[in-house]
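When the chains are written out, they are named A, B, C and D in that same order, and each has its own residue count from 1.
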């Protein structure tokens, strides 16, 4: 899931081929080794209610002409629904294992997580990462960006990237923390969320509104689905070795 | 080898009529007037400019929870301490070192009383009731101004304690010099007293 | 001296003072003066280095800084490219360091401490221990400012003016800045009390107020400005500290939303209160920066024109008037904050009035050249260059003082050019004149005149290359404190001037190499000279070079005014103040 | 003559150093902006294009003041240079002890005073009064609220009903509602228009109410000769009237934080019909974006 979120950027970054290959190989090795005796959970984030309230439209990026290369698109109240689907699915829902892992240690993920400011929009909109991974922030625009993290636990990083920089970026180390808001100080409409975990069991619903968490050891878990505007939901799941369980989350914002 | 002997450290300058220390302390007090003057001006500006309603509005007299009685007691304490300070200087001037010291000790005791009353009956209960500098601008000014005044009192306490104990040896070397120093301390102390006399009505009564 | 037999702890100076007491924790005004001078010169160099780094970013935005880019760390720069936060930190610290740690300590703490007691024939300052304390408090303040670069988020980055609410919500460096400022203010207060008391109490016999050298007068008025203008800033600093640390809202109005977050301040405060308190200090501070410089220039000009100063009394009255008026012009820094016609007219009027005494002093200094005999040595070159440079600085203040013209020019590079002309080729040139002039008194040797002239010519050319383009930028509407002015069309169109200005700054930096070499080499290799190498009249030249502890072998008595040069019927063209009769 | 040679040498060194800077000076910087900006911006001590009705008065004041400064400086400089050359120390030349009674200097100071009074009372104060205080009648003017924040200018138009809606800091959402407009609670707020660029009519007075959400900013229109600090907690009106259409810049002139320099907005001066069309377009509910 993580890879699919970032895959859009790979060609665009032009990051060195050997790193991509290395990453894939490592990922395959870890996954194939793990697949034997582990379980997966996958599913959808579904929406029930008055979908007309949530309109996706272009935000006025007229402040900065350099943003006009790609118009920023956000949902009203940042809820992006796939209205063509039936039932309607929701993007950018973060699903993670909340309880049930105990004190187990997991092989740390180390490949950097990328957050790119491109066309005056954050890509991806919800960043999920493990605390062992570095976060790399890039500026893909010919303008100034100033990322401002507004976390409770981590330090309130607030720095600008005045020039286009898709090579090195700025690297950040974060500790585990529930999703927190991140904004751009220069472009008021730009916002995203970062969630940091101590374990590798999390996923964000993508363009189809689906998620998949792989490599879970068998056991009983509490899953949490979080959306920035629609709130959180939990589900109890039990998985056995080699099983792939389907769990959907249905958000019903109009139901009190 | 020429030895630097500074004129007018003890004896007054024939034309200006003061010794250097006294002139120095007067100048220092002039700068203190500007310091507290700036704070009092800020008080006026903030009070006049305070919004009519909302959390930032100027609190009514009852909402300040300041007791004029405690403030009054402290005012009295400071006024008496000013008197004892003058007495200490007068006794020293008349060559009564022991008496002068007793008056100095009395001043010190009164100064400490002031601080204890301020802390035990005003600051600490206020904090316990959740009335903090951040509550509103009245309390912000109250704590800043009385706090700064309190620091001045504390400074006075340190100076008086110094002349009461380790610094009193100067008397035996040069009584006039010692007396001058007590006079300067006294000038400072009266100023601290005077600031309180402005603070008391502004904070407790107005 | 009737009190000569009163010996106190302060004055029991045993000849075997240890090295620490003699050179580090000394109470001798001359040692303290040298400490101040050297520290302040180092800070000036540091502050100038900061601006040389900034000028790279201004000239070549977004390009990595050559040579030293890697040294800037992670907060200020990224891979050697300056970041906006780094630029703002450097900018704020450049201002603070130059004003509070460089120039004022140099011309007041350094020259004032060293020269003033000598010029009034005093054995030392009135309170020698206080004097020492003043230096060390200043030193600590400086260290706090330097250490603030290592605070999380870097040094203070809200400009040297630290306007609230920006400074209240700023990074931790601002708290360090405030603590540093409290120390520096304390140091200035101690110093100013000392200066005033010394001038009033310790003048040599016969030295009436109107026989004082003009430099002493300038220090006297300066000390009053420091004494009375600094406390309001201390109060303001205390209030800002409370806002930052205790969550009060002295400067915070209701309903602030920073970065999309509703601020926890109760509100009810006024951002303008900070500006009023700040400029109530900072306008007199401007005169603190310039009056001692005028004093030094007057000394050097009187000495090298071999002629009494023209209009000495007029100058003294002007300087007193300047000092007084400087307290009621502060709001001309705030015309754009939304002032009504009447208040702006009042402050504009006082501003126009305050320009008159400055014109008088400048005119008096120029008329002093008339029918004189000008000796072109290095101090005189700097002193003469001061005059047109200060004139440019002063004249360009005129459109800024007219509220309507200020609408366009306020907070543009025009302002930067204006006050830098006053302070850089003005005050700093005066300070160079002072250093070349009094170096023989401090060391017994002169500085090399050839190197001095190279230093002068290069500095004079490049300082104009630096600051003249700023007027063009300002007229075009380029605001100050912009990390990258090419963001704006009007900035882009005058970018060429920015680059020229930057090159000027770097060349100006190179031009200081002869001075630095000269300063240190002359300690050993300078030509040894007599006690009075410039054939001057004022009292400092009556003392041996360097003056011993206690200054004068015999306490001088003064018989005449400070600038008795070319007195008719005399054999020599100078008549020192302390001589009863002319030498045969 | 020895001395003079060394001076020439120094001048040559200095010229060489300046020349070494020249290539860098000539290096052009690529423009950052993708929207062409109208107007001429000074290259040599000149003010930017003026497109406002009142701007020429300020420009005239600046020009006359500079003329006065130039006269003073040049006159005074001639005397200065004359003294430097005429009274240099040389064999047979002696300074005069007696001081001249310099009447001209008194005249000079009085003249300076008079000119300053004229500049201040005759020009500056009346201009200030009219450009800062005498607002045009509200019914004739085009009103915009300008809300500054770190680091953007928000422009708030009242919409068809001509009334500004209520705003509340608690409702602020950085992306969708930066003004904190109470669209649900206040009927006037429903039709309010929010934009990040300033559109104003040509040949009609415009009143901008300047305020700030966080720190102090300064609303600066270089081509309009308008500058007004945006103070949090206050709403200060400024007015101006454009006489020419075009695209210009809004700048922030007060240090407001790290990205102060990128706090730029565009100002479009349009004929009234174009402006109305733009406002109508802006006032429409957002169209759904279909991928």
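Methods note: a contact is a pair of C-beta atoms (placed from the backbone, for glycine too) under 8 Å apart; a residue touches a chain by one contact, two chains touch by 3 or more.
Given the structure is predicted, the values throughout are model-derived calculations rather than measurements.
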- Most C-beta contact pairs, which chains? C-D
- If you average the CA atoms of chain A and of chain C, how far apart do the two points sit, in angstrom? 55
- So what's the Cα centroid distance for chain A and chain B, whole Å? 61
- Query: Hey, how far is the Cα centre of chain A from the one of chain D, in Å?
  - Reply: 44
- Task: Averaged over CA atoms, how far is the centre of chain C from the centre of chain D? Could you give it in whole Å?
- Result: 29
- Message: By the touch rule stated above, which residues of chain D touch at least two different other chains?
- Response: 32-33, 149-150, 174, 257-259, 261-262, 264
- Query: So which stretches of chain C touch two or more other chains?
  - Reply: 61, 83-85, 254, 259-260, 267, 270, 483-484, 487
- Contacts with two or more other chains occur in chain A at residues 144, 146, 158, 160, 162, 183, 185, 188
- Chains touch one another in the pairs A-C, A-D, B-C, C-D
- Message: With touch defined as at the start, can you tell me which chain A residues reach chain D in the complex?
- Response: 55-66, 68, 73-74, 76-78, 142-144, 146, 158, 160, 162, 183, 185-191
- Query: How about chain A: which of its residues touch chain C in the complex?
  - Reply: 144, 146, 148, 150, 155, 158-163, 165, 168, 170, 181, 183, 185, 188
- Task: Using the touch definition up top, name the residues of chain D that touch chain A in the complex.
- Result: 32-35, 149-154, 174-176, 178, 194-197, 257-259, 261-266, 286-289
- chain B contact footprint on chain C (complex, rising order): 1-4, 6-8, 10-11, 13, 15, 28, 122-124, 126-128, 130, 189, 192-194, 196-197, 200-202, 227-232, 234-236, 238-239, 242, 246-250, 254, 264-270, 273, 276-277, 280, 548-553
- Item | Complex contacts: residues of chain D adjacent to chain C | 6-7, 10-11, 13-14, 17-18, 20-21, 24-27, 29, 31-33, 37, 39, 41-48, 57-59, 61-62, 65-66, 68-69, 72-73, 76-77, 79-80, 83-84, 87-89, 93-97, 99-100, 102, 105, 108-109, 112-113, 116-117, 119-120, 123-125, 127-129, 131-133, 149-150, 169-170, 172-174, 180, 213-216, 218, 220, 222, 225-229, 231-234, 236, 249, 251-262, 264
